[in-house]
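I've put the structures underneath this note.
Shared between the two complexes below is chain A, which pairs with chain B and chain C, respectively.
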Partner chain A sequence: MNRNLAWTAWALLAPALILVLGVAVYPVVRTLVLSFFTQNLSTNLEPVFSGLYNYQRLLADGHFWETVIRTLIFTGFAVGSELVLGLAAALAVHHSPFGRGLARTAALVPWVLPTAALGLGWIWIFNDQFGVVNDLLIHAGMLSKPIAWLGRPDTAFTALVLADVWKTTPFITLLLLAGLQTIPVQLYEAASIDGASRWQRFVQITLPMLQPTIFVAVLFRALQSFGIFDLVYVMTGGGPGGATETVAIYTYRNFMRYLDFGYGAALLVAGAGVLSVLTGGIWLVLGRSNGGDR
Partner chain B sequence: MKTYLPGFSWKRRGVGAIVLGVLLLWCLGPLWWQFVTSVKTNAEITGLPVTYWPRQWTIEHYVELFARRPFARFLWNSFFISACATALCLAVSAPAAYAFARLKPRGGPVVVALLVGVAFFPTIAFFFPLYEVVRSVGLTNHPLSLIIPYAAFNLPIGILFLAAFFRTIPREIDEAGVIDGLSHVGILWRLILPLSGPGLATTGILVFIASWNEFLLALTFLPRMEAQTVTVAIASLSGGSLFELPWGLIGAAIIISVAPLLVLVAFLQRRIVDGLTAGTTAN
Partner chain C sequence: MKRIAGWIIAIALALTGCGDPSSSPADETVVLSVLMEPDGRGAWRALFDRFEEEHPGVRVNLVEGPASTDTREDLYVNALLSGSGDFDLVYADVIWVPKFAAAGWLEDLRDYWDEWDSFVPASVEGGTYKGGIYRVPTQLNGGLLYYRKDLLEEIGADPPQTFAEMAAISKTLQAAGRWGYVWQGKQYEGLVCNYLEILRGFGGFWIDPETEKIGLNSPAAVDALAFLCDAVGTISPPGVTTYAEEDSRLLFQSGGAVFLRNWPYVYKLMAVEESPMFENVGIAPMPANPGGESAATLGGAGFAIVKSSPVKNVAWALIEFVASPESVRFMNEKIGLQPARRNFYEESTDPMQQALYEVLQRTTPRPPIPQYAQASDILQRRLSAAITGQMSPADALAAATRETELLLGRHRIPNPHASANE
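The block that comes next holds the complex of A and B.
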């Protein structure tokens, strides 16, 4: 009977497992294998076993490590701002006496819209001559003359971070808002009776209670942000002069433009390695619960 | 459980109004700007000073989108692919979710870990081997080349959300099914699924939105113009040049491509928010 049950369970799981194995697990294994082969224009796109050659190339590829550092900086700025702004917005909406429903609906908008389509919209918003950002900044007196945001390395990078923060901050806000609503109000009442200040209540009740939500949100966002592709592809294409090229863009270019498949695969493996280190770091900082049941 | 309920005072109301205003401006501002651009004439778009409310309204950009470019076709492609991916994803997720929620197979946690891993990895990690397969079986430009990966990438959402929903259905219902001689498949199909409308809807919406918005695979697997999805079609409006872009047309295209999603949000925001937050706060 019990054996029967196990069979039924696995039979019900089978279609999902086959799909995941085929579409996710197989590609990972295949990428790993491919990274030990040279398959590019010099081999007429035939795979030739080359051992660790791609990895040696990669270690010496300064351009790749630049993109890694750049992507990590992007991730740090983007996710950091999202967390701070998202938490501030969540607290503000949570304590607002009205408009929570409206705020939630509005917050969904940036998150559900296609990044690639909006990316083109951002080019227009940051346009040097007729862009709304320049116009507003000049009217506010913060800028004396228009700047070509996407034409300069530093401002192009800033524009990308802004566009990413715009899209994902509301998402973090929604998650934190839901987290805030699960904190029992008795905790705050008890703290007030004990004479805790507003700041003490925030640090000693709100933050620890939100910690699991913050951990999941930051981890998820950091991994997505490190793999960012569509926004950069559309908004800057990695330019100007490679100044905004991320790991995903560089990797895609190696595959689809240089047709350097083996090396592209090695880049993916290295990228996954960096991603694991990033995950470990985030877990060390945010993942350990302080007295919760996780 | 008692949770926070804000009190009413004029100061609170004032702050609340400001917070709401800033939030609305932040969330809707960039989109509003695309809309304003899309209904301006070309002369006004590239004229100074910049106008924040169109002096002269026009629908010429929308007309061009449909009359001179195959945007209806792109919209249909996106809709067809996303709808099929959603259906496939739900069809595969439901039995798996039932197995997790009710049968608790040994080794189940391993499968859950695998699913979470898939959910957290960016698409680029999987794309190239899929591209090889798509090419070798001749699925380039075929909707299936996206439907299958989209269904698979969204299985984590599908299975975990549906399993969470199934757990809220009382066990007594299953037991009644057993007494009536139903198999597990029968219980799932005849008893659980008919009660799962809200769960299926929430999950389906999230899968649909994710599929509609996907870019990397759509860009790579569907090179032929007539096969393209709307996000890729918009991105290629730029034609690779930063200068002299048809901004009115682009604005109109953005508005058209996001309209279906805005409708979903307007009608189903409660469900979407619940679905989104369930995954992170429940465990």
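The block that comes next holds the complex of A and C.
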């Protein structure tokens, strides 16, 4: 009987297990293994075991580390801005007496549009001759003549952050809005009776109660943002002068354009390592302390 | 890796609804599969239908891939690497050939026929790797200079012969809302194509395919890059460093520039769109300085045979068909592909074709090295840094030289497995 039950359990679990093994575990293990091999055009694309060679190469590959730093900075700016804006938007929608459904739907629009298509749109928005950004800033008197936004390292980077923030803030807004709706109204009522100001209620009730949601939202977005590819690929191609090249772009180039699979795998593993550290950091700041309050 | 790649391609094909692994020998019909650009106007399909009529028992499975050349390359790499047998032919951009040939994926077609002389030499040369010819060119592309006939006539100027002339005319004709010279300066393959034309015009070279000598450190290379750097903000809009083909075309077509460097498609598009600008536009080869030569970077596509295909002879029959004089004329009429066959131009009385031939004869291939993608990325990055003012031309090219030397040197390290393909 027990045995039968166990078999049934395994049989029922099998489809899910096979799926997880096939799409999650296998590629990870395979990539890890591949990173110890050299497999590129100089080996006729045959895998040749080369131990830690790829990792030695990686440690000396200044270009890779530049992309890591750059991508981390990008992630910081993008997710930071998204969190602030997303929280503001969520609070606004939450306290708005009407149109919550409409606002929720409208907010999702940028998020559901295909990123590559948006990227093409942003190229025109930032164009030096026809772009609306230059036009607005010149009319507002903030610029004297149009600039090529995507043609300078600092402004190109800013433009990418802006495009990413515009697209993904709705995601954070929605998550935080859901979080806000789970905070019991009684807490606010009690605080009001005790004479707490709006600001005090926000800092002492809303933020702590929202912390688990903020943690999840930031984690999701940081993971996504660190892997940013499409927006950069379309808008700048990593330029100008490699100033916006991200980890994902560099890894893609090694894999698909250079056919350097072993090294590409090592880059992936290293990228995942950096990401784990980043995730650990986020957990330390946002994720750890909420357990005790409950 | 192989299996993952197989899955990716399988899923990609399933999603586009084109998966057809049924070319098994048990079938009566032979199915030839090839991945191509979207066949918007059905011209390729019509051509393949004719082939099928002439060859009963053969079916051509035209898989319409993404419009982006890079993405199609990724799909081919996945399929060929996994050995999935998804494709019998490769519709190959000129810069894929050395890499694919070095990977051992393509059949050497040199001895399949003796018609190689009937094509514009560079188009055949662009399909060669280490003595083999791996691709039959069906479309020829080259960079050329578009100019505003009306504006040049106003000041009694001829199309510029030298870069200094081009700069001078630009400065004379520039006005509010009109720049002199637009080109493609975004960090991507197009930037390399642009630079190579200027580079040859100044008498320099990038990589010598024979000796793998790198020419980027020469005064000519530095002068060529300095020309582009100086152009930005003076005769070219500051944003030219962010432009790809379409950005520059639209600026030119809306009257925003006197000169445009672009590919032949612009001319055809303007004719098709009945752009009011069409009447005022002339085409000329790129300028060149004394000691240099007017050059057009070779682009374009052609057909190659997958080495592991079980139906290579049928695939070759298809190639012979699509590269025949009748077929290339048909494709030129239908969707304006510029043929690589010389007699097409020699027999044509169309002045536009004559003008294009003038340019397309000057086409020069990019270096046929297997590490082309890396070499190009290095150059793209450094050129982009120079034209956006982050580095001086000399520093940028010195860095590119160093990095390219490292790249080519690394490949030359003796490897016990490297001889397996020879």
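Convention: the second predicted complex is superposed on the first by the 281 of 294 C-alpha atoms of A that agree within 3 Å, B and C clash if a C-alpha of one lies under 4 Å from a C-alpha of the other, contacts with A are read in each partner's own complex, and residues count from 1 in each chain.
The working rule: contacts are C-beta pairs under 8 Å (C-beta built on N, C-alpha and C of every residue); 3 or more make two chains touch, one makes a residue touch a chain.
Given the structure is predicted, the values throughout are model-derived calculations rather than measurements.
Colleague: Once chain A from each complex is brought into register, does chain C clash with chain B or fit beside it?
Modeller: The answer is clash.
Colleague: In the superposed arrangement, does A:Q39 touch chain B (first), chain C (second), both or neither?
Modeller: second
Colleague: Which holds for A:D230: it touches chain B only (first), chain C only (second), both, or neither?
Modeller: It touches chain B, and chain C stays clear.
Colleague: Could you say whether A:V216 touches chain B, chain C, both of them, or neither, answering first, second, both or neither?
Modeller: first
Colleague: Considering only touches as defined above, state whether A:M256 meets chain B (first), chain C (second), both or neither.
Modeller: both
Colleague: Per the contact definition in the header, classify A:A106: touching chain B only (first), chain C only (second), both, or neither.
Modeller: First partner only.
Colleague: Taking the superposition on A as described, I'd like to know which of chain B and chain C A:V203 touches: first, second, both or neither.
Modeller: neither
Colleague: Let me test your reading of the model: by the given contact rule, A:L13 touches which partner, first (chain B), second (chain C), both or neither?
Modeller: first
Colleague: A:A24 in the overlay: touching chain B, chain C, both, or neither? Say first, second, both or neither.
Modeller: The first partner, chain B, only.
Colleague: Looking at the overlay, what does A:L150 touch: chain B (first), chain C (second), both, or neither?
Modeller: both
Colleague: Count the residues of chain A touched by chain B and by chain C, then name the partner with the higher count.
Modeller: B
Colleague: Can you tell which stretch of chain B bumps into chain C once we superpose, 98-106, 134-142, 152-160 or 206-214?
Modeller: Among 98-106, 134-142, 152-160 or 206-214, the clash with chain C belongs to 134-142.
Colleague: Indicate the residue numbers of chain A shared between its chain B interface and its chain C interface, in ascending order.
Modeller: Touching chain B and chain C on chain A: residues 27, 30, 34, 123, 127, 129-130, 150-151, 237, 256, 261.
Colleague: Given the complex with chain B, which residues does chain A contribute to the contact?
Modeller: 5-6, 8-10, 12-13, 15-17, 19-20, 22-28, 30-31, 34, 89, 92-99, 101-110, 112-125, 127, 129-130, 132, 135, 150-151, 166, 169-171, 174-175, 177-186, 188, 213, 216-217, 219-220, 223-224, 226-230, 233-234, 237, 248, 251-252, 255-256, 261, 264-265, 268, 271-272, 275
Colleague: What residues of chain B sit close enough to touch chain A in their complex?
Modeller: It comes out as residues 1-9, 12-13, 15-17, 19-20, 23-24, 26-28, 30-31, 33-34, 37, 45-50, 91-93, 95-96, 98-100, 103-106, 108, 111, 114-115, 118, 120-132, 148-149, 151-153, 155, 159, 184-185, 188, 209, 212-213, 215-216, 219-220, 230-232, 234-235, 237-238, 240, 242, 245, 247, 250-251, 253-254, 257-258, 261-262, 264-266, 269, 272-273, 276-277, 280-281.
Colleague: Of all residues in chain C, which touch chain A in the complex?
Modeller: 1, 4, 70, 73-74, 77, 81, 99, 102-104, 185-188, 237-242, 247, 251, 256, 370-371, 373-374, 377, 380-382, 384-388, 390-391, 410-411, 413, 415, 417-418, 420-421
Colleague: Enumerate the contact residues on chain A facing chain C in the complex.
Modeller: Touching chain C from chain A are residues 27, 30, 34, 39, 41-48, 123, 126-130, 146-153, 156, 236-243, 245, 253, 256-259, 261.
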